[in-house]
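Below is one structure, written out as structure tokens, with a few remarks after it.
Going in written order, the chains are labelled A, B, C, D and E, and every chain counts its residues from 1.
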Amino acid sequence: MRLEVDIRSKSFTSANGKRQEVIGGIAFALQRGEVGVVVGPSGCGKSTMLRILAGLDSDYQGHVARPDGARLAMVFQEPRLLPWRSVEDNVRLAAPDVTDDRLAAIFGVLELDAHRTHFPGELSLGLARRVALARAFAVEPDFLILDEPLASLDDALAARLRDEIAMLVASRPMITLLVTHSMDDAVRLGDRIFLLSARPARLLHAVPIEVPRAQRSNDAVAAIKADLARRDFSMS
Amino acid sequence: MRLEVDIRSKSFTSANGKRQEVIGGIAFALQRGEVGVVVGPSGCGKSTMLRILAGLDSDYQGHVARPDGARLAMVFQEPRLLPWRSVEDNVRLAAPDVTDDRLAAIFGVLELDAHRTHFPGELSLGLARRVALARAFAVEPDFLILDEPLASLDDALAARLRDEIAMLVASRPMITLLVTHSMDDAVRLGDRIFLLSARPARLLHAVPIEVPRAQRSNDAVAAIKADLARRDFSMS
Amino acid sequence: AETVKVAVQKTGTFAWELAVIRAHQLDKQADIAIDAVELASPEAGKIALRAGNADIMVSDWLWVSRERTLGAKLTFYPYSSALGAVMVPASSPLKTLADLKGRKLAVAGGPLDKSWLLLQATLKRDGVDLKSQATITYGAPPLLAAKLADGEMDAGLNYWNFCAALEAKGFRRLAGVEDLLAPFGAKGRTAMIGYVFDEDWAAKHRDLVARFLSVTAKAKEILATSDAEWQTISLLTGAPDEATLRAYRDRYREGIPRRPVAEEEADARILYGVLASIGGRDLVGPATELSPGTYYRADARD
Amino acid sequence: MLRLLSFALLLATWWVAATVAGSAKLPPPSVVLAAAVAEAKSGALFLHLGATLARVVLAFTLSMALGSALGYLMGRSRLANRLGDPWLILLLNLPALVVIVLAYIWAGLTEVAAIAAIAINKLPTAVVTLREGARALDPSLDEMAKVFAFPRSRILRHVLLPQLAPYIAAAARSGLSLVWKIVLVAELLGRPNGIGFEIGVAFQLFDIPLLLAYSLSFAAVVLVIEAVIVQPFELRASRWRLRAA
Amino acid sequence: MLRLLSFALLLATWWVAATVAGSAKLPPPSVVLAAAVAEAKSGALFLHLGATLARVVLAFTLSMALGSALGYLMGRSRLANRLGDPWLILLLNLPALVVIVLAYIWAGLTEVAAIAAIAINKLPTAVVTLREGARALDPSLDEMAKVFAFPRSRILRHVLLPQLAPYIAAAARSGLSLVWKIVLVAELLGRPNGIGFEIGVAFQLFDIPLLLAYSLSFAAVVLVIEAVIVQPFELRASRWRLRAA
């Protein structure tokens, strides 16, 4: 099971008729068990790339080999819940096989217990994003795509959820791809960091992080971040 | 011109019939020229409070005196653009008096020049949030409400926009209220920081920041943050 | 017993006759079974015939002739010579048809209605072009009858049953359409409407047709002679009171055709010319003469 | 409560109008009710109402099912829309009378012909409404369903139907009323029973109380169905809307 | 292109059906066209089509405007909905014949009566559709408009109408077809001109080609209006949808 990505070019024709290149060349591969983190300026083409990898867009130049028969889960950049189904139903519809215990555990970690019967319209944005995370966790995926999963959450909760993601990744051999604007998250979670240029997105650097995830203490993380900053990748 | 807030209680009855208190007691006042920053855990009631202050919800216990005849602008937590109007039209509809020069300047700062004729559906989330910011800036408000305006933006851009907000605040005497999860933003922009408890939200502390905004160097900011952390407010 | 399918309008006189036939078991006596399709509108019979749900329905020879020239071999047997009339309120100042000039006249059945055409033809001889010299309102017959009754119209040309009902309400006949026929050369009351059926079907079922016609003739005789019979069918007629029922009865009796078919056909030929000249192509189609064979001859083989 | 009040107001308005206009122009409710009761006692009302309801139910179900499917298809696929559009416009704008007459001529004065004709008349309005609904579907939820590999049935029930619900409700309500209007024509032209048949008879006799009695009997049935089944269901189904009217 | 192809296919289907069924059951296109041409040459077609179109336009505009306003109100305000609902259901389920007959009885056999009766028949379906549209409005955009103090006119044009557009389109398309169906009945019952009047005459003569010629003339007008005005406009107005069909 392996993800191979070689997107040579991807363009959009917008309603005003203009054609615009959004991805200018991104190639990498991820193994089972690896976590890839994508970092790049706002509007550079990250979500567009994720949509291609998720099989939602096949109108591009290049080739993507998605892991065969892998169960996919994705946290979109917006929550994308079904407004007419309760929080619990939203999760169960995506993960019909989830056990009650596991669901309770997930809702516990994400602090959603009080909101099981709420409709999405009754949630705060942070709560809704957590429901989207719960949905992805409940699926027990082989291939997990996360588009800024920890945005709009307070620092304490975000840190706890980051650990939770790390635990999930450690517990099962899956391919994970994460988009984030937080270098801290990137360094703490990633095995490799893919730095993208501004639109059209090109892969500037693929930086491996050698320290095993479990051993990344606060100091280690700070050191890696400093190292990355020192290398001064020009990101725009 | 003064904002006086005394919300004693606010509850929601959700569709499943249960009543839930969301705000348990928040009282403060803001003068013209002041920037209040609200910080609190996800789902505690921040956006609910902002909706009350914006006059969108009058079903609460207590009293809010909104600045008289003040022009209001708000950046909602989601972009809330009109999907059927171009980026430029979205801004112009909210701010019909904006001059072409000013609009160009705003679009320049927010790096939206290339997207003027795009429809919101053709934007990335970060771009859409910037359009929402552009709309609020273009209005030239007397009372500005910002609900996590810098989420989903990369660090470099976020920093630039934070400075832009600071400039706007300095340029006109207005009341500003900002919700954020980033302590950095809070300390750099705020005159007073309101720390809220978990749901139901109560005002735990109102921390004034004595250093004038213009003099908050990186070191000063770090010092204030450290000081805040040392005081160890129990936030949950 | 052989079955004959007939289309009847529930409020029409054919339905009354059928009730009499049933009550007196005339059908059983003649060893036929009459299978009636009840319908609610006058035009539905044509659909029933075309769709093959009815062997026999009631319509006029004008239409039969038109259909024949267009290729549908239908044929006609006289059923009733009752025709409409021009009705006015009792107190109306109108005395003759010529007085209709400049008045509001309601015309049931539309611009190609045969009574309306005959009325126009009659007045044309006196130099009156009624169509342009009076205000004509076309519309559904019941609605127009109601409109005349409540005074919105000065006069109304309507079907005979509506006229009978108006008569019972005290309205006056300015002229009956059957009175207009003679000046054109018709020898007597001419039955405009009749049983209509397919020629080929009739050829295959000559005996059945003959028995059917004799059964209905018997029913007509009963209705012509017995007043008691009218009481039994009064509900069916929808007559709101005795006066109306009486008017229905008298007009119905007058309308029973009593002349030989050949005479009917001869008159029809004459009237056809009149109607064709004023109704034009729209009415009669490409033919200028009554199509030969329009009339069904029970004794055609001799 | 409010609904009952409004209903009472309606009856009162009618009664006042009847009194002012005179019973020849508009019979008062009492007279119409008496006519209805008389027809009910003789059993005729139920016979005809039953026949009409059966036709309405069949034609309605048929045309809603087929119309929704076609409308969905045309809203989703540009090709289907291009191909179907001329047919749709033709069907939409063919008078009920014509469709019914042709159906009767082809298939005889049969129940099948009547129901098919009514269904064909209603079909295009369902298509038109559902097409708009399908065009307005949220693509982001489609993507979500695709990512999480929702099977078709789950997509239909949990993703599509809730989004199409307002369009279906609109098509159903106005469609039911259309079916009912057309069933009357079909019965008038070629059925030996049903409300339309009786209305035709009442019209020929110009018996306005009877006309109204039969006309309103169907409205009464719909009123009861709405109050007892449809509206409670709708209320439940739209609980998720924060501000339901 | 595809549309033309489909149109040709339609004609071909008709032609084949006519050949198979025999011209007594379904006249072929050529015969109907000949009838239409004959009527057009005599000027009668244009006269009647003009009269009918005028009525359609008036009744349609009236009922769409009023129906949209009422529907919006009922979708937004619970009170209005509760109060209006019984009236709505009654109006929806009143047969066209009854409304038309009553209108003619009250207001005489006049143009005003005809147009009012048609508008009243169409009104409730517009209300029902727009009510669903108003219920589905996005409250978050309302809030946005309120915060930025949009004046009413701007809210209507830029916030409400684009959201209601699919409902308006559905109501307009199916409503136009309904108005057209009802105008025929109104003309049949009590107007001295118009397509419905001619259809009545053709029906009395059982002249199917003429019946079809008049029926299809209106469909042809709508087809042209759709192709030349409505669809290009819709295409423009829905450019913002990422996947327009």
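In this section, contacts are C-beta pairs under 8 Å (C-beta built on N, C-alpha and C of every residue); 3 or more make two chains touch, one makes a residue touch a chain.
Keep in mind that this is a model prediction, so the values were computed, not measured.
When C-beta pairs in contact are tallied for every pair of chains, the largest tally goes to D-E. A turn of 180° superposes the CA atoms of chain A on those of chain B, with the angle given to the nearest 5. Relative to chain B, the most remote chain by averaged C-alpha coordinates is C. Averaging Cα coordinates per chain places chain C and chain E 38 Å apart. Put simply, the C-alpha centre of chain A and that of chain E have 50 angstrom between them. If you average the Cα atoms of chain A and of chain C, the two centres end up 84 Å apart. Contacts with at least two other chains are made by residues 15, 78, 119, 122 of chain A. For chain C, the set of residues touching two or more other chains reads 43, 50, 140, 143, 146, 150. Residues of chain E in contact with two or more other chains: 25, 101, 105, 203, 239-242. Those residues of chain E lying in contact with chain C across their complex are 24-25, 101, 104-105, 108-109, 188-192, 197, 200-201, 203-206. Residues 12, 14-16, 18, 39-43, 46-48, 77-78, 86, 111, 114, 117-119, 122-127, 130, 148, 151-158, 181, 183, 235-236 of chain A touch chain B in their complex.
Remark: chain D residues 2-3, 5-7, 10, 21, 25-26, 74-79, 81-87, 89-90, 92-98, 101-102, 105-106, 121, 124-125, 128-129, 131-136, 139, 166-167, 169-171, 173-174, 176-178, 180-181, 184, 196, 199, 203, 208, 211-212, 215-216, 218-219, 222-223, 226, 238, 241-245 touch chain E in the complex.
Of all residues in chain B, those touching chain E in their complex are 51, 54-56, 71-74, 76, 78, 80, 82-85, 93-95, 119-122, 135, 139. Of all residues in chain C, only 9-11, 37-41, 43-44, 47-48, 50-54, 140-143, 145-146, 150, 238 touch chain D in the complex they form.
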